[in-house]
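Paired with subunit B in one complex and with subunit C in the other, subunit A is shared by the two complexes that follow.
Let's look at the complex of A and B:
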């Protein structure tokens, strides 16, 4: 293609995203993690797909939410499938928790960035293992951190201020959902890539729903 | 116009392609125009290509890229069918298309709609747009949104906009669940002809392919068999045919 000035022998580089998902917002609540994202896949400025699942449970303990290029997210899910498979094959009673998953994803994202072939995503990884809640984020250049509430994309600018103000330890499920819905509403108003169909996932110490 | 006719511009199918599921199978539809810059290189192309007996793919974007991807997928599916001992599923075909599209995303410029029927899941449509995302949908419309293209095409061979953008509104209104085969084919015919009416990159005839448990049916609809839209006139062979009657002009 005209804009790809690299020689033919170069391995591929993702230069720009095609089908993208917008913000993901997540917070810790009393019993675990709450995560929300809309179900849209934008193709440039067109709101092209309106039923894309951007929140996926991984293994027994984690929830992965992604924004950015959907094809790269689908590829990450395949990597994780393999990871979980090998983990289960050990059959040793242990299973990868959210902290380990976050670390794995961070290494993958950062190493791809070093090869100038990033996975064009910002990922939110949350979960509960042995009663311990965990919520972290990693983006396409490998920046990663954990916090009580995280968001990607425009969510960082619009949702996090709301969360900084209104989040507290020991939110009930209802309070958490109300807070997330407030964030998603603001995003719908102010993010042009947002659509009005959202998915909310709760992960508590007792179950994944 | 001061635009040069660049005959060496890559063949691009501006294109309108559609895939629709109905109660019992799928209907795939496409226009038939392949352009080289502003020149129409082929006005009767067949953009609906067979992958297996029960799976077809609608091609859009670069003619070369979509043909070579289809050829590879057909080759792999052939071997897969032999090994499996039964017809390949639509899901497998779509995923093969996705693999090629995703792993060569920097080199390819093609958006595909894979549609077919298998005994496990019935009729299915999978969209594989630029970049290699795979999305199963009850109906899919073809690619080439100009904003995406602006990022990675030189001006010479890309057309701003393409048939599909004109159809989002139409489908949002006209699509419904559980259509019959005839309703679905009618919808596809209508939609492609609407896009042809407004999109310079789409034109020619409307081709449809219906795939269900009974097999595959190919249909061909030239312009005179399509409905007329706003500001379109009844087709006429020649002015001389109507010159007989002295009628005042109606604009």
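Let's look at the complex of A and C:
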């Protein structure tokens, strides 16, 4: 790409992440989605921020969890905010569901990667619409997939093996939370950038809690 | 009031000898020919109502929306040329989202009205553009409470507690004034030459049709729930059965009850309002 040589576009490329969040773990349970993340923001090797909200509800049907660069996550939230606003302004009884949001995010992440200016995040998008549960993941190079349980970062190596063994269809809310806590405990033991303050979010067809 | 501006009405950049710009006045006539649009400011919010004249029996009910949300906290009802209206709504949405992304808060309604008015006015300044053939009633709820603005094709925008544009605006404004000023005599003093209007007002008073006893009705004390019923009654009242075809009533509100979000009036309340309006009409016809 010619822009590699162009000094002007160089200054616009993301080269390294600065304030980062660590793993997000999520699974489908009987009534919806459960998602957990700790509330830490690391500045390199320093655990600098201890109250960062890394799980956010989006619109009426979805939950977004992010790891990676926090400022890029905030930018993504701004894009989504505008998307949801325009969706609401139609006022036609329809609204964007988790599948649509996941697709939108995939397009955004992949296109940014192709311009060599990625949003340095791995995102977990889960939700319920019309009784249908959905859980997906997309990362900074645009890899995306949908599964019954997902994780980002070190969670992929530490949490997912636990989930592969112990996850089953029809987990109750309590069982799901216990399973997530187990994963988060292992991550706290083994992940240098994890802190001991976690946030667990549930999204079921009846409410967002 | 209307005169032919022979020769001085060909361009929006031409003044007539008596200081009028005829093209703008002609644009206002396009608004006058459209179905009535009403907005009122109640104690806890704004109610907008539109008399949507149905052009064809084959149209689906609920289509051809005349009231649009322009941001979470504000909405706009359009009267006049529909395509021009769509353009204004698009521009307003864009102004509102732009303000939000720059300043981090929802655009104050006053600011939004000024921007819409500037945009409409812009199109009256150049000979290669024509004025918008639509008027707009903009209602929103911000930090300073609920506010109602009206923007005309000339680009003027004023703040109102009650506004009406379109075919039945004179009759509607009278109703709205009645709702807010309890003294009818005040009105008679203002309209000494318009006996027909005074008679109508008197007859309405004596029938006590609109919302019970008019003397008791005040916009400052009315909640939006009550306001919705009143707006429906007014629109049904000003609809001219003889001249116009069927119409569909479209209403929206921004109020404390709707969590300060602009949205369509909930279906059950809309049905209640329509029923009350039809009942009020029958009462009036019976007399």
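We take it that the second predicted complex is superposed on the first by the 200 of 209 C-alpha atoms of A that agree within 3 Å, B and C clash if a C-alpha of one lies under 4 Å from a C-alpha of the other, contacts with A are read in each partner's own complex, and residues count from 1 in each chain.
Methods note: a contact is a pair of C-beta atoms (placed from the backbone, for glycine too) under 8 Å apart; a residue touches a chain by one contact, two chains touch by 3 or more.
Just so we're clear, the structure is a prediction, and the values are computed from it rather than from any experiment.
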Superposed partners subunit B and subunit C on subunit A - clash or fit: fit
Centroid geometry (CA): angle subunit B/subunit A/subunit C, rounded to a multiple of 10 degrees: 90
Which of subunit B and subunit C A:78 touches, first, second, both or neither: second
Touching partner for A:89 - first (subunit B), second (subunit C), both, neither: second
Subunit B versus subunit C, judged by how many residues of subunit A each one touches: B
Gap in Å between nearest CA atoms once subunit C and subunit B share a frame through chain A: 6
Overlap of the subunit B and subunit C footprints on subunit A, listed as residue numbers: none
Of all residues in subunit A, those that touch subunit C in their complex: 78, 82, 85-86, 88-89, 91
Residues of subunit B that touch subunit A when the two form their complex: 98, 102-107, 109, 127, 129-135, 137, 145-148, 151-154, 165, 168
Residues of subunit A defined as touching subunit B within the complex: 1-4, 12-19, 41, 43-46, 48-49, 51-52, 69-71, 74-75
In the complex, subunit C residues that touch subunit A: 65, 68-72, 93, 97, 101, 263-264
